[in-house]
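Dropping the structure in here first, questions after.
To keep things simple, chains are lettered A, B, C and D as they appear, and every chain counts its residues starting from 1.
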Amino acid sequence: MQQPLSERYKITRQRTLALANPLSEADMQIQAADFASPGKWHLAHTTWFFEEFILKPLGMKSRFAEPYRFLFNSYYETVGERQPQNKRGFISRPSLNEILNYRNEVDAKLLNAFERGMDDDLLDLVELGIHHEQQHQELFLTDIVFNLFQNPLHPAYLDIANSDPLEKEEGATFMKGFDGGLVSIGHDSPDFCFDNERPSHRYFLEPFKLSNRLITNAEWLEFIEDGGYRNPILWLSDGWKIARNEGWRMPLYWLVDEGYFAYGLYGVQPLDGSAPVSNISFFEADAFARWAGKRLPTEFEWEFSARQNEATDAVEDTDRLIQPLRLASNRNLKQLHGHVWQWTASPYVAYPGFKVNPGSVGEYNGKFMNGQYVLRGSSFATPPFHDRVSYRNFFYPHQRWQFAGLRLAE
Amino acid sequence: MQQPLSERYKITRQRTLALANPLSEADMQIQAADFASPGKWHLAHTTWFFEEFILKPLGMKSRFAEPYRFLFNSYYETVGERQPQNKRGFISRPSLNEILNYRNEVDAKLLNAFERGMDDDLLDLVELGIHHEQQHQELFLTDIVFNLFQNPLHPAYLDIANSDPLEKEEGATFMKGFDGGLVSIGHDSPDFCFDNERPSHRYFLEPFKLSNRLITNAEWLEFIEDGGYRNPILWLSDGWKIARNEGWRMPLYWLVDEGYFAYGLYGVQPLDGSAPVSNISFFEADAFARWAGKRLPTEFEWEFSARQNEATDAVEDTDRLIQPLRLASNRNLKQLHGHVWQWTASPYVAYPGFKVNPGSVGEYNGKFMNGQYVLRGSSFATPPFHDRVSYRNFFYPHQRWQFAGLRLAE
Amino acid sequence: MQQPLSERYKITRQRTLALANPLSEADMQIQAADFASPGKWHLAHTTWFFEEFILKPLGMKSRFAEPYRFLFNSYYETVGERQPQNKRGFISRPSLNEILNYRNEVDAKLLNAFERGMDDDLLDLVELGIHHEQQHQELFLTDIVFNLFQNPLHPAYLDIANSDPLEKEEGATFMKGFDGGLVSIGHDSPDFCFDNERPSHRYFLEPFKLSNRLITNAEWLEFIEDGGYRNPILWLSDGWKIARNEGWRMPLYWLVDEGYFAYGLYGVQPLDGSAPVSNISFFEADAFARWAGKRLPTEFEWEFSARQNEATDAVEDTDRLIQPLRLASNRNLKQLHGHVWQWTASPYVAYPGFKVNPGSVGEYNGKFMNGQYVLRGSSFATPPFHDRVSYRNFFYPHQRWQFAGLRLAE
Amino acid sequence: MQQPLSERYKITRQRTLALANPLSEADMQIQAADFASPGKWHLAHTTWFFEEFILKPLGMKSRFAEPYRFLFNSYYETVGERQPQNKRGFISRPSLNEILNYRNEVDAKLLNAFERGMDDDLLDLVELGIHHEQQHQELFLTDIVFNLFQNPLHPAYLDIANSDPLEKEEGATFMKGFDGGLVSIGHDSPDFCFDNERPSHRYFLEPFKLSNRLITNAEWLEFIEDGGYRNPILWLSDGWKIARNEGWRMPLYWLVDEGYFAYGLYGVQPLDGSAPVSNISFFEADAFARWAGKRLPTEFEWEFSARQNEATDAVEDTDRLIQPLRLASNRNLKQLHGHVWQWTASPYVAYPGFKVNPGSVGEYNGKFMNGQYVLRGSSFATPPFHDRVSYRNFFYPHQRWQFAGLRLAE
């Protein structure tokens, strides 16, 4: 049973601050690539969303509204001009303190609006804003890991001493068969979902098999040692080009120095062979699958089989940041959620009958439906209560800074 | 009733030379962009294909085999290193004469092989080589138009005085409805097709409507005049970026000078409002459809409806280069073939159960299944007997140098 | 009479901290272009210089020596690999506090070394280190102005309310004649100078004239309004290319909004027509001179005439940062020092007989003697006691972020 | 005693055609880099120069004048817009035949003008046009060698069988001393020279020494084998960057394959250790000199010593293309002219009192006086009667496609 919206608003807003807690203002200032926004920007942008789409229509905008409308708009053309994405890291002022003041003022006004009451359209936008902020909580982590990784000292976001020991993967590995047929895909309940998960529609699936678990670091090492990064026949043409141009030889955050290491939230740690491989591109995942004599699943296969799985073995939804990489206990498909996002073979396009939301938030998902691939599931960095079986994450096939791995199909 | 393979081989090889006839060696030397190969290269590469995949296995390779293996391999990694794609225009030697000698020698050897007899696998590769050469016949034309267009004098490939007058479009314009359902998609006969058209499989289609004809230049002009190129809300995000960076304001070959003109095989001609719009990118086609309150069809909708159409109204298959843009006489869906390729909303991916061909020709299609969109139908530049209802052409969404337009769906 | 070296060391080190005082750590984290290093980096790099070249030979290196050797080396190949210049802004850790600790520890060790006594070679390197730090004090200011300028809010480094009113330029403007002849150029006393100012040598000068003062903002406005930025005939070919590619229409920090404004240490202020124009490239200075029917002086003309000037009218050497743009009171050549650097027509090359210093500091100047132009004088941002009549500053002809203007010759 | 101008015009025009003789139209169509213009373009551009600057003022322009004004203008802003430099290779039409017709028509008109008589200003421009065409004769060769080199077959411009055997270098190698003093630099006779060689002026030279001959391939090999391309300390900073980015390991046209080879007019030939090294950049020449414990001479040192040399030992001026690399017989400074251009340490800037020519030809030299270095002497590709002791050639320090080597100084 979900909590009231105002309560969830408060929890979400506080969780964002908790994520920022281990970092200095300087840590949150840096932006090492166009796509890796500064932490300060995430704190401000999520607040701007509530200001722009809730407070402004209510005539309750904050003292900061005017300059921040330009500074912290991400990509909403209907809202107006904005700071270029690749220059977000140059905004040292407002300071972190000013941004925290901004958050406080917007929170106070929004809670005031809750008390006064809002109409359903606005409440829907608050709901969207909460899920939007959750997405940025995850991006906050993926971005800070990427940004700190550029530092040759490889500083850690969290101290490994404070992490829980991992549960170990156990049990057999197998390909589980599914019959397919004319199945139902997409979100089909009145609960919240993003517009790109709708409408629920019929899709015809041939019979298929899906691996019961994610590909591990140990398996990826076999791919490397078998020349996977040197054999063009395994790769899509576009993937081979970028892999050569950028000198890819292993996942983004792996390091070699008398043994393999991986960088992450806890800094540089020895590579855990039993953990799911992470921070690979679609191109790498696709090449791995071809090397293994298999293929990536479509998003339809993933969703259909995950729905069947849910019926038999639910995953407990805890705050995975505290317990990263904990393995699901089910004996069915494992690691569907909460470990790493899973690349699918499906380009990110509209479902039949897709409609964008009215107003500026119509720019939320639809205009990005080109050139990207769908990822399914969720990662250890995904906030609790955020992901769904119909959830469609999406990134470009060359992007590697997400906590993304793969599961095989055939 | 098709002619014997050896006869079709000869006809195809001769048609390529006929296409080269109006051009000088210098015209066929230039390469104005990575993707627009020189005419000389097309003449040599199509020959290399037969040498590499037929003559070499037969131990009959030509005198030219060794250096040309490097020079005229396009992208076959399994064949070996090759001249970089963006430097094909720098190969002034071999001369055109030497390339024609190369063609003659390979033709003589291949006809000799026909006489001696070849096993079925090799005959299949000859068949593939013929279709491959037909594809390059079309590319020869699209590339030469692009390359000559860079010349500020805008020289013509053919003299307009020698062209036939166009038949004019007549009759009503309407959206034709289709029921959909669980339909069969892909090539399902023993005749030749490319590997990407297989396997035939089931696909579930919701009911849809398709425009009975292509969008015209006159309709595109309305889009321009209504600010279509200035309104970001109509565009996909990636499309808007490239449209702004490259200053798109009209189709690639349109020119403005006291009225609109269009460049093509016959040089610069006054814009024909009733002709299908051509040389637009997917991004532009998609923006137009959104502006028109409609959408692009999927490749599945296109194929399903075209199959129904064929049953009632066949298109005569003449050499369209001689009679460009002639309109089909049917009262059903018109202009399915032989006018301009039609962008679909479908990313170019493998059909369920797709298998690449064995050997090097396995690199033919599969490795390009990323980031591109399917185009259906064919254009006036497509050779006779080349296209099929299941044919899947594919280009990147920003590419504009193809003779490509659109048909609307809803 | 100069103070003892150890005293000057302390003063210089403290002045750097004073310059950092108005800024937050976030302000000092950002790097908006390759050439505009973060403030934190300047604080650390100047310290690294003393550690690397004084403390290490003495066996007194600090706790921070090892990782900082990589992080804060600028361009010394003989010292080893280093953080790429364009990624200095990604080093959020060490924090500002850690860098201040680093400064303190190095200072303590160096003062201890003073007490113990150092040989002459090391004392010469300390002297070099002081002048090196003064150069970075100036770069600290030019860089922070550039970095803060990228923020659309245009925040100020200092509050204009705390600035002194400017003395106004008075008296006639004229071209002062000089006879030239076989003159002496370069540093000719035992006092400190950089290696590029040596050796003193003979140079033959034809008679020339030099403007008695710098070109003002008001004069630059005339150049703009006469189409100076639109007329290729005024420009060097390389300059015209970059001016068009980058859309130059006025000096780097000018802004137009119902009148002209200029950005600087005090934020955005109305343009002062009587102040020297600043933040122009060599290409712009050269085009202006051609427009004015004159030319830029050579560095030899500048030095020769400035030496003559010094004999008759000395400039008081105060801390110009506190009193920017104060005009010299002489009735001879004015504004030689302390206003803006002055582009000369002289490419930056070695003097006849030039020898680099021994050891790693031989990389200080010599390896940059290509493609740059000499600037003479000094700017309001130049530290007191830093500049000399023989001082040779140098930048690339397209660079605009220096406080650089011009004086005409004929 | 020089021939009459009209005779020299004819000889020059015919020599250009003779240079084109060994090439096909396709060879002369290709442009493998911005700076390496197609042969056809050189044939047309040199003709355009006479049309634009002689025939047009006389009201005698050719039938081709209008479109070619745009196509074949190189960089004259005062003449108008023009085909972009990097797209000269895309002009397949006009054909070679049309360009030859253009040459014939302009020649006929110009010889007609000679008969009618021209005023002195026009005769001066004809003289300039002849020297201009000679410069393009040399560029024709440097460009065609570069363009053909991109072909992996490395085709030859000329057949080595038709070349003369080389005279061999003999006699001692030594550094010859010069006193210097206040010397005269620049062209000082009424004969033709380019504007950049004027005015003759005084320059003060310290005593110096100059190597009596050019650096050979064998010496360059020692530099390579001693790690010259791997040691940053030998290089200017800008040079080291480009050498690493582009992977320089030897001169541009050297090839390694069980021994060293060099590409040139005669295709790929075994490296001749006694021939002057060629096709190196300024950066490489400068690094070599530093490695050798010496330096490059200034252009002033070069000119002064070459003038002294001329007084004692004249070089016979034959058509060096027929006899490349023939050694001068003098026992003084050797190889001053006719072997390879010689990089100097002097940036290319205006002489004191430099004035550009009036009219459009004022754009000839002055606007390029930035970022380039002066080369002195001439190469085997320089036309007879073209070079002078005061001649100033100039290229950017990273450019390697010229026939340029070096001579040492100290």
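Criterion: a contact is a pair of C-beta atoms (placed from the backbone, for glycine too) under 8 Å apart; a residue touches a chain by one contact, two chains touch by 3 or more.
Quantities reported herein were computed from a predicted structural model and do not represent experimental measurements.
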Contacting chain A as well as chain C are chains none
Moving step by step through touching chains, the smallest count that connects chain A to chain D is 2
Greatest Cα-centre separation from chain A belongs to chain D
Residue numbers at the chain A-chain B contact, same meaning over half shared and different meaning under half, come out as same
Averaging C-alpha coordinates per chain, one finds the centres of chain B and chain C separated by a number of Å equal to 59
Here the gap between chain C and chain D, centre to centre from mean Cα coordinates and rounded to Å, is 38
Whole-angstrom distance, CA centroid of chain B to CA centroid of chain D, is 46
Residues of chain B that touch two or more other chains sit at none
Contact graph of the chains (line, ring, star, complete, other): ring
Those chain pairs meeting the touch criterion are A-B, A-C, B-D, C-D
Residue positions on chain D within touch of chain C in the complex are 75, 77-78, 182, 201-204, 206, 232-233, 235-240, 283, 345-347, 349-350, 352-353, 363, 367-371, 397
Contacts from chain A onto chain C in the complex sit at residues 24-27, 29-30, 32, 40, 67, 70-71, 83, 87, 89-93, 95-96, 147-148, 150-153, 155
